[in-house]
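Some structures are shown below for you to check.
The following pair of complexes shares a single chain, chain A, combined with chain B in the former and chain C in the latter.
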Partner chain A sequence: MIKQIWNKVVDYQSIFILLIVWEVIAALGIMPERLFPSMFVVIGVAYDLAISPLLWDNLSVTMVRVLSGFTIAAVIGVPLGIMMSRFNLMNKLMQPMLSIGYPIPRVALYPILVFMLGIGSGSKIFLIVLECLFPIIINTYYGALRVNHIYVWASQNMGANHFNMFWKVLLPATAPSIFTGLRIALPLALIISILTEMISSTEGMGYLLSFMSSSLVQENVLASVMLIAILGYLMSVILDIIQKKFIFWH
Partner chain B sequence: MDNKPLRMIAVIELLAVFLIWELLAGFQWFPTYLSSPIAIIKSMGELWADGDLLNHIGFSLFRSLMGFLLVVIVGVTLGILAGYYRRVGTFLDPIVNTLNPIPKIALLPILMVWFGITDTTRILIIFLTAFFPCFVATRDGVKSIKQVYLWSGQNMGASTFQLLRKIVFPVTLPKIFDGLRVSLGLTFVMMFSSEIIGAANGFGLGFLILNADLGGRTDYMFAGVAFIGLLGFIFDKLLLTIRSKVLWWDVNKV
Partner chain C sequence: MTKKHAAMEIENLRKVYSTKKEEVVAIKDVSLTIPEGKFVSIVGPSGCGKSTFLHIVGGFIEKSSGKVKVRGKEVEKPGPDRGMMFQESALFPWLNVFDNVAWGLDIQGVAKKERNEIVEKYLKLVRLWDFRNQLPSQLSGGMRQRVSLARILAFDPEVLLMDEPFGALDAQTREEMQVELLRIWSESKKSVLFVTHDIEEAVFLSDTVVVFSGRPAVISEVIDIKFPRPRDLNLYKSAEFRDYRNQIWDMLHQEHHKPVQIVSEVVNG
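Coming up: the complex of A and B.
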């Protein structure tokens, strides 16, 4: 039992070393305490925040934006990527758009989107969709290209129409690549949501962060960063679990 | 791959979008804040003639390229070490796994307090964001090297440094470039974000857009966005050109 715990500690030694170094710096007072509070203080503040409605109100707003943007991007992106791999016309129309749009930093459009869709959730969700769409489409497209032709021919031979082909053959065969795309897109969705909320918003985790930082109390800022970090970590863990459930054969 | 027809289609599609936009703006069916392509190109010209633009672009490029350079040096080195030496890998893995999925932009307020609203803060936040894709791609690339290459190298008496330089690095290079391409995109995203959050003084394309936004000059805003887009596009193509020059033996996919 003790050995198991010790092994875990050895596995995660780097994190413990980081924490200890942080504590030592804070305890020795090399940096002013206001700028560099002890981790215990930060965890205390984070706990206080976590049981207050301030966090949950802002968290729910952010989660609605992230999840709706991400879902819309997935629902548009996956069929589009598969269609591009199947139909030459679609590929020819979309490929140039992708190669032009991919390297352009799309966040720069945010101020304009605010003009068009208002400062509320609309502009943020739209930007999240825009940003998530590219990794999802590209990964789905290359994944679907690699699907073995024999499967496609076999299903055509057995009289599968486009609908059946999509649901029964292409989607399962592409699923691993789709999840690679989703894995890239999900953190992006969170980043964009927090970023846009920091630029201009009155609610959401990004707003909470900039609200805390305007008070210049560093432990509050660190506590909200810690909560955002936990949120990002949890989201990736949940995606892991979903991936294991859906593509158990991989 | 025959790229020529695709390029033609790209040009036609872009022209069609601009034409529709111009017509809608011309008939006043679009609200005026959406400007029109011709007005935007005009204000791009005005900004260019104004002279300040080169400063804006220069400062923005300095920040993003410094961040990117740091990513290339630190990310590739650490990635190769973490992939080659198992102990380095297991040491760094927990840090990377916990830090990778969190939005690094959240660290901006903390860095601002520590380093002030300076270029140090901006370069650091760019570095922190762009580091992870490069590191992860390099590490996984090194890990997937065929053991046979390493064995035969060792058999012929190569030292560890020679192994890393002559075998591990070249074999991993395609993966490294894949990671760097993602990093480069993130670099420009963070350049814009770190300039637009925080005080709007000094030079930088983010400031230009923010000031135009505050002044209600949407045509200048579009112009700034177009310049950032152009920079991102040019540097991505530059990276791909370097890739095809360096990796002439691996041209099958771009």
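Coming up: the complex of A and C.
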């Protein structure tokens, strides 16, 4: 038991080192306490937040946006990526959009989206979908390209049609790469949701964050950031568990 | 009255690869007939186009011209009438042994009870029923190929195509697999077209050995192997076996020492 805890500490030693350095700086009083509060104070505020409805109301709003945007992107992106690897025309149509669209700071489109889809969840989810599509499509596409052609041949040999081929060969064979894409996309979804909520919203974690900032109390802001970090970490842990369940053969 | 057809008829099969500059003939008008119930092997130097030939018969690669018929029916695409076995394991790594063998039956809509009986029958035939819950990655190379064979036999193809199925195995496992294949084949009696670079393997297994010479692939010799069946590994030690082996070896060797030729031939300018 103690050994297990110690192993966890070793795994996350960089975080602990960072915390210690932070505490030392805070204790030395190099920066004014208002700007550089002790982590214990921040954790205290975070705890107070965590047991208040203020957090949970805003968290649920953000989570709905994150998960719906992420899910829509996965449902669109995965089949698209696989189809691109199989059909040359599809690939030819998609490639320019990917290579030109990828470097665009898509957040810059947000004000336009607000005009088109309103200030509520619609514009935010749309932007999350847009952001998540890139890593999902690109990873799925390259993963599907690398699928050993003898799996495809063997399935054709057994009389597989396109439907069987997609669901029972290409999708499982590409699953490891799909998860790579999802792992990149999930934190992006959270970031975009919070960013857009900070720009314009009356609810959500981004709103909470900007509300806290406007109060000019540093520990409140840091506590919000800390809670968001924990949220992001938990989401990646859950995705990890799902991945292990699906890709047991790797 | 239906006319009696050969198991496989290949007529004037030609494969031309086109690049921007030139057209390379990989297979040049090969005709080959495999009678019902016979085991026919193709040997040839590596890169001679023998695997390409088999992949065309399987329908995986498009031919340039010619005909491929299975029991008189012309084929163009891959299909379950021709069970194909590959050099590397084509088993799906995300399915266990049982589900791999059941896969072809499932997509063809075989009822579950019947499916389970068929899978059990063929996994027992290849002596791997006890391993049905294992993943392919947990099996040895030889066991994987036996599962592959069971998977193909399970959907009951009319003919079997084998592309160096034991090529990746060590020498001893390969010999075991040859005996195993003959035992299984003697029960199913399906016609086999077997591609290998191993002369002894071809002689040991086959009724007929077809020698390909390379680039472009043409048939340079067809040799009937007149050993009785069932055969066992002692055959390897017999003088006649060595005669067959040497005869084929000489043929491939001559091929090897032919002066280097330009391998491409321009068709239609």
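Miscellaneous remarks
Rule of thumb we're sticking to: the second predicted complex is superposed on the first by the 236 of 250 C-alpha atoms of A that agree within 3 Å, B and C clash if a C-alpha of one lies under 4 Å from a C-alpha of the other, contacts with A are read in each partner's own complex, and residues count from 1 in each chain.
Basically, a residue touches a chain if its C-beta (ideal position, glycine included) is under 8 Å from a C-beta of that chain, and two chains touch if they have at least 3 such contacts.
The structure presented is a predicted model; accordingly, all values stated were derived computationally and were not measured.
Touch criterion met: A:Pro96 reaches chain B, while chain C stays clear of it. In the overlay built on the shared chain, the residue A:Met116 is in contact with chain B alone; chain C does not reach it.
Look at A:Asn164: by the touch rule set out above, it reaches chain C but stays clear of chain B. When chain B and chain C are set side by side, the one touching more residues of chain A is B.
Applying the stated contact rule after C-alpha superposition, one finds that A:Met235 touches chain B and leaves chain C untouched.
In the overlay built on the shared chain, the residue A:Gln156 is in contact with chain C alone; chain B does not reach it.
When both complexes are overlaid on chain A, the residue A:Gln218 reaches chain B alone and has no touch with chain C. Contacts of A:Pro176 after superposition: neither chain B nor chain C is touched.
Under the contact criterion defined above, no residue of chain A touches both chain B in one complex and chain C in the other. Across the complex, chain C meets chain A through its residues 58-60, 77-80, 82-84, 86, 88, 90-94, 103-104, 107-108, 135, 137, 151-152, 155. Listing the residues of chain A that touch chain C in their complex gives 148, 150-151, 153-161, 164, 168-169, 172-173, 175, 247-249.
Here chain A touches chain B in the complex through residues 11-15, 18, 35, 92-93, 95-97, 99-100, 102-105, 107-109, 111-112, 115-116, 186-187, 190-191, 194-195, 198-199, 206, 209-210, 212-213, 216, 218, 221-222, 224-225, 228-229, 231-233, 235-236, going by the rule given at the top. Residues 5-7, 9-10, 13-14, 33-34, 90-95, 98-110, 112-114, 184-185, 188-189, 191-193, 196-197, 209-210, 213, 218, 221-222, 224-225, 228-229, 232-233, 235-237 of chain B are the ones touching chain A in the complex.
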